[in-house]
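As structure tokens, here come the structures.
Here come two complexes built around chain A, the first alongside chain B, the second alongside chain C.
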Partner chain A sequence: MSAVQASGPVAGSSGGGVRLRARRRRNWGGWALGAFVVVYLVWSLAPVLIAFLFSFNAGSSRSVWQGFSLQWWTGPASVFNDPEYRDAILHSLLLAGLAVAVTVPLGVSLSIFLGRWRGIASRPASMLATLPLVVPELVLALAMFFLVTKLLHFISLGTPAQVIGQVTYILPLVIVITRGRLASIPSGFEEAALDLGASPLGAFRLVLVPLLAPAILASAIVAFAVSIDDFVITQYMSSTSATQSVPMVIYNATRGSASPALNASAMVMGVATIVLCAAGYAVYRVVNRREEIVLPQASTTEGALGAALGEGVW
Partner chain B sequence: MTGMAGGQVEIVELTKRFDDVVAVDQINLHIPSGEFFSIVGPSGCGKTTTLRMVAGFEEPSAGRIVLDGVDMQHTPPYRRNVNTVFQAYMIFPHLNVYDNVAFGLRRRHESKEEVRRRVSEILELVQLGQLSRRKPSQLSGGQQQRVALARALVLNPAVLLLDEPLGALDAKLRKQLQVELKTLQQQVGITFIYVTHDQEEALTMSDRVAVMNNGHVEQVAPPREVYDQPATRFVADFLGVSNLIHALAESAEAEGVRLGLGDFHISALAGDTAARGAVTCLIRPERVRLEPYEATGANRLPGIVERVVFLGHSVQILVRLAVGENVTALISNTGQDVPYTQGDAVQVHLPAEALRVLGSAAGQPPAKTADTDPAAAGAHATTAAGPVPAAETTIGEQ
Partner chain C sequence: MYPRRQLATLGLPGTIWVGLFVATALYALVAIAVGGIDPILLSPVPTWNPLHWSFGNLQSVWSALRPFNGPDWVVFERTVIYIAIAMAGCIVIGYPVAYFVAVRARRTKGLVLALFVAPFLVSYMLRMLAWVGLLSPGGWVDSVLGSLGVVGSQYNWLSGRSFVVVLALLYGWVPYFILPLYAALARFDLRFLEASKDLGANPVQTFFKVTLPLSRQGIYAGMVVVALPMFGDFFTAQLVSGTSSTAMVGTLINTYAQSQTDQTLAAASAVWLVAFLALLLAPYLRSSARATAEVAG
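And then the complex of A and B:
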């Protein structure tokens, strides 16, 4: 009895000491991490901000500040009046829209097929479907170029080839994102829908699609962002100057004498992407709050990977 | 559309193979309309597979399922007048309680008023009327269970299939819902096929119980009968703690059989009293009586108390018999002290009418009394699955 009483305060005090020391150490770690985060943010965002500022330069230099002006945004040589820039922005948006419109439905159906199909070939098929993810984009672009110019003559270089190329490149991303979510949805939900009288199509429409909604949304945002940013495939699959995307224009312009209009066009794309992603994220949050699934069982490594990827996008 | 009078299920020679594993092996069951029928057995015995075949999620490898006279072979799950309460509930997380319950009615294109009327009616029945706008994530386990039940019952199916519906709940809630489920079943009069691994649950709620093991049905009978008159050693072991005693059936006696245990002789009146040679006898612990060592009379064997365990409602006493077997006795806690402690010499009274002969044990390895481990007992019973021919498992209406 006395031993118990004696050991009480001793254990308590030693515990307190450990806790104090741990707190002090954690604070140092926190400082270091905080500093690292700040350095990283400045390092990655400061050049973007500077580039943004130079789009308001009064002169035509992109490195020497000559006063404030809106001429590169509104003037005759500005981003919205120069036909080359304007067409490139429109073309980029067209390509991104088409890429989203094709990859999302296609990728979602493919991942449902791969995820729910229990055949002998289902494993190899899943691996093959995500293979383009690890093939270097340049290799893919060269292969596509060869395919389109030498074999498949009915696909002409330009918008059709660019869309097909981008879809090929983006589809595995959509599959990975959707399959991660799908793996966390037990097939019991579909069975429950069938049990309650829904046809297989009804079970898909009324249960699976709503449960996949966050992944579908994430896929759309990723597809859009990747398409807007894509250079290699878009460049290889392009034909005339009418099928130039913004990254292509920027790349070509920097090799010649570029004006701050270039900065402005880059900003337009950047802001468009960020606004779209933010809007998508807001919708995602709303959808997710509505749901808050506590899914019984079913948490595979695949699911975790998908979830990590899906979340990591932000 | 089948009304409440329907719900008769006929399962004929039903078999399911997964690759080279036979999950369900030629089972025959006849379930009359309005019965609370339980299928009980250890995991992997084929009970859930059987249920899934009735629901239509698995296709039988052979055999037939006949619902109210109609063979279900070519009927997909969404056209069967059968609904399921799933083990993990599977309530749609993106829909609120009301929309979950209305899901099936809307698939039948019922009018808006009809949907509203029937959903609120069933929600009242399962006491969820106040929560119809809640999301599933805002419900407790017991409430989720009720939503799953309401969602299936609102369609007024001919048969309701329940796959371990109480498995995810804590013991106290489970007990409460057992009573509620039974009352509900009597109210609605729908045939319930209830799958569980919990023998107590099956005994408490069912009109009849089927005990399954290794894809076979070992016995189908009312709870009292499967408990008191188990057809096989597996059934005896699975449905509660039991003592298995190995003896030699020697000769006929009055109405029973004379058994030899070493130098002692006792008689048994129940079970396969015509058996001769090495047999296994069963006696439930609550039927075993302990008497002072000086007591005399038939069917008494001397032994030494090895362990006394207080269980709350009763006291469990493990006695090692002089002939080498272990016997567990269960004495109800009536408030008095149990007059035995470890090391005491006692007379163990095994009443002849409570001693049940389980058929010939010839050629079997001496089984250990696996009274705490039904799975291990199951493994033994497999080798002895012979005694019940398939035809005997088809038991008609009481």
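And then the complex of A and C:
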């Protein structure tokens, strides 16, 4: 699986296959396909853009346009002045920050163990870590809710349980991304460093971590985006209204008569994610350009899901 | 290679984490499903010891979901039908899009790829919120289709219409179907297409004899990626319909979970759901393992 590595400037070079020459005569099938994709993209994105537009509605409707105004962005009942929206935005950002800070080191170190350990001792850990990908999120949320309320009483519902829940849910994604990259780094690189006198810690720090940097960055961004978007686990692990995240507010308010400030709060999170991803992608390009060693093509053992999470997002 | 002790230290925190928060959590779910209710506090009590398990909750959920004549069978049947239609829609819409981006797009590839990842950057709830605004009385879709006479005025899109729930599921999850399929198609060796053409196949034959069989694993992966969350989905139907006539299995579990005395039933339903999904996914896991073995040679 060539998760992150096959994605930068060389994305989609399709294993070095010869590019199909464009046919000279009019290609109606190709045009129809292109038109279909355009229609898909419009269908997929226009509703979101319209919801964005309605955050500038002069009236308090989220479906009938009543003129332009900034009142839901700056007024007294706006997204930043209404305590419910403001607190939810801050809480979502807090959860995302904590989720990234815990998941990335935990997931990357576990991936190195799973990828470099010889022997079957790592099998159970590997299976358990990826289990959250193959049960519905609702089942995992329910299971963790019972774990926290019936067994681990020292973990309280609210922020601690929400962070633990999100980390458990995001961990397999980080592992899939990191292991994909790791599989393309021959262990010979680290063995060479050890033979040349580096300490194990030195080989780890000077060889492995720099080579894993794109995967670490990709993991952090995926973790942030998934945390911001997460609804089911965050809801089941919440306690009072003080631990409401933005998706929870949207879920509770959408069918009610909430003002367009609701749209604005959703947009704030969307813009935060997009800005972060753009910044991450820029850093990723720089990191990738510095890379001088050409890593061998990875095998496709982790299956399409892993490849999707790595290649697709990037 | 690294000293084993140091590698083990690296793996320890993560192993403990998944042991506690995945394995023990799923065991807690089972323990609640086979447990009882505290007669005074009226809250579920887990039964940790397998020797003391009682299967009453699992039995009562089974008899409620009993095929064809259980009272909740209609919910299960509806869930399967909704998901089957939404999944068929995913293939019809998703395959051409993934194929175009992975194989055909050239100059526009970066732009199309960015636009097609965009739904992942705005939250699922926001995308549902957007449709609720459009379909509300007086919303843009409602008023345009109403004034064209496609639907009557006062159509009430958002009160218990099955096709609206299916379309919302399709809209919500189709990007998640496209992504793994795109990844599979992006690895596709285009020389196969040239070989097929050189050997005299027309484009239609090439598609059905070469492209489609080679993208089968990607289609399966995409189907699994969207099927799993849809079987646990309660929020989509709640947002675009909110009536019990469009309740899904996820709605059932979530409703049980809201009331303390029914939480044992929520756990039991979740256990049955996982058992059902395991049966459903077994063929995929087998074929995926076979494909992996072939690649590994």
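As a convention for this text, the second predicted complex is superposed on the first by the 268 of 314 C-alpha atoms of A that agree within 3 Å, B and C clash if a C-alpha of one lies under 4 Å from a C-alpha of the other, contacts with A are read in each partner's own complex, and residues count from 1 in each chain.
Operating definition for what follows: contacts are C-beta pairs under 8 Å (C-beta built on N, C-alpha and C of every residue); 3 or more make two chains touch, one makes a residue touch a chain.
Owing to the predicted nature of the structure, the values given are computational and were not obtained by experimental measurement.
A.B. asks: Return fit or clash for chain B versus chain C, each positioned on chain A through the superposition.
C.D. replies: These partners fit in the superposed model.
A.B. asks: Have a look at where A:E191 lands relative to chain B and chain C in the superposition and call it first, second, both or neither.
C.D. replies: Touch status of A:E191: both partners.
A.B. asks: Taking the superposition on A as described, I'd like to know which of chain B and chain C A:F146 touches: first, second, both or neither.
C.D. replies: A:F146: touches chain C, not chain B.
A.B. asks: For A:A242, decide between first (touching chain B), second (touching chain C), both and neither.
C.D. replies: Touch partners of A:A242: none, neither chain B nor chain C.
A.B. asks: In the superposed arrangement, does chain B or chain C reach more residues of chain A?
C.D. replies: Chain A has more residues touched by C than by the other partner.
A.B. asks: Check the residue A:I112 against both partner chains and state whether it touches chain B (first), chain C (second), both, or neither.
C.D. replies: Touch partner of A:I112: chain C, not chain B.
A.B. asks: Does the superposition put A:V286 against chain B (first), chain C (second), both, or neither?
C.D. replies: After superposing on A, A:V286 lies clear of both chain B and chain C.
A.B. asks: Given the touch rule stated above, what does A:P47 touch, chain B (first), chain C (second), both, or neither?
C.D. replies: The answer is second: A:P47 touches chain C but not chain B.
A.B. asks: Thinking of the overlay built on chain A, is A:A266 touched by chain B (first), by chain C (second), by both, or by neither?
C.D. replies: In the superposition, A:A266 contacts chain C only.
A.B. asks: State whether A:P210 touches chain B only (first), chain C only (second), both chains, or neither.
C.D. replies: First partner only, chain B.
A.B. asks: Scan A:T254 for contacts with chain B and chain C and give back first, second, both or neither.
C.D. replies: After superposition on chain A, A:T254 lies in contact with chain C alone.
A.B. asks: Between chain B and chain C, what is the shortest CA distance in the superposition, whole Å?
C.D. replies: 6
A.B. asks: Between chain B and chain C, which residues of chain A are contacted by each of them?
C.D. replies: Dual-contact residues (chain A): 191, 194, 200.
A.B. asks: Give the list of chain A residues in touch with chain C in this complex.
C.D. replies: Counting only chain A, the residues touching chain C are 2, 11-12, 14-15, 17-20, 29-30, 33-34, 36-37, 40-41, 43-45, 47-48, 50-51, 54, 61-64, 106-107, 109-110, 112-114, 116-118, 122, 125, 128-129, 131-132, 134-140, 142-147, 150-152, 164-165, 167-168, 171, 187, 190-191, 194, 200-201, 203-204, 225, 228-229, 231-232, 236, 246-247, 250-251, 254-255, 262-263, 266-267, 269-270, 273-274, 277, 299-301, 303-305, 307-313.
A.B. asks: How about chain B: which of its residues touch chain A in the complex?
C.D. replies: 55-57, 76-79, 82-84, 86, 88-94, 103-104, 107-108, 135, 137, 151-152, 155, 168
A.B. asks: Which positions of chain C touch chain A when the two form their complex?
C.D. replies: Residues 1-4, 6-8, 10-11, 13-15, 17-26, 28-29, 31-32, 44-46, 93, 96-97, 99-105, 109, 112-113, 115-134, 136-140, 142, 158, 171, 174-175, 179-184, 186-191, 193-194, 203, 217-218, 221-222, 224-225, 228-229, 231-235, 238-239, 242, 250, 253-254, 257, 263, 266-267, 270, 273-274, 277, 281, 288, 292, 295-296.
A.B. asks: Which bits of chain A are touching chain B when the two form their complex?
C.D. replies: 186, 188-189, 191-200, 202, 206-207, 210-211, 213, 290-297
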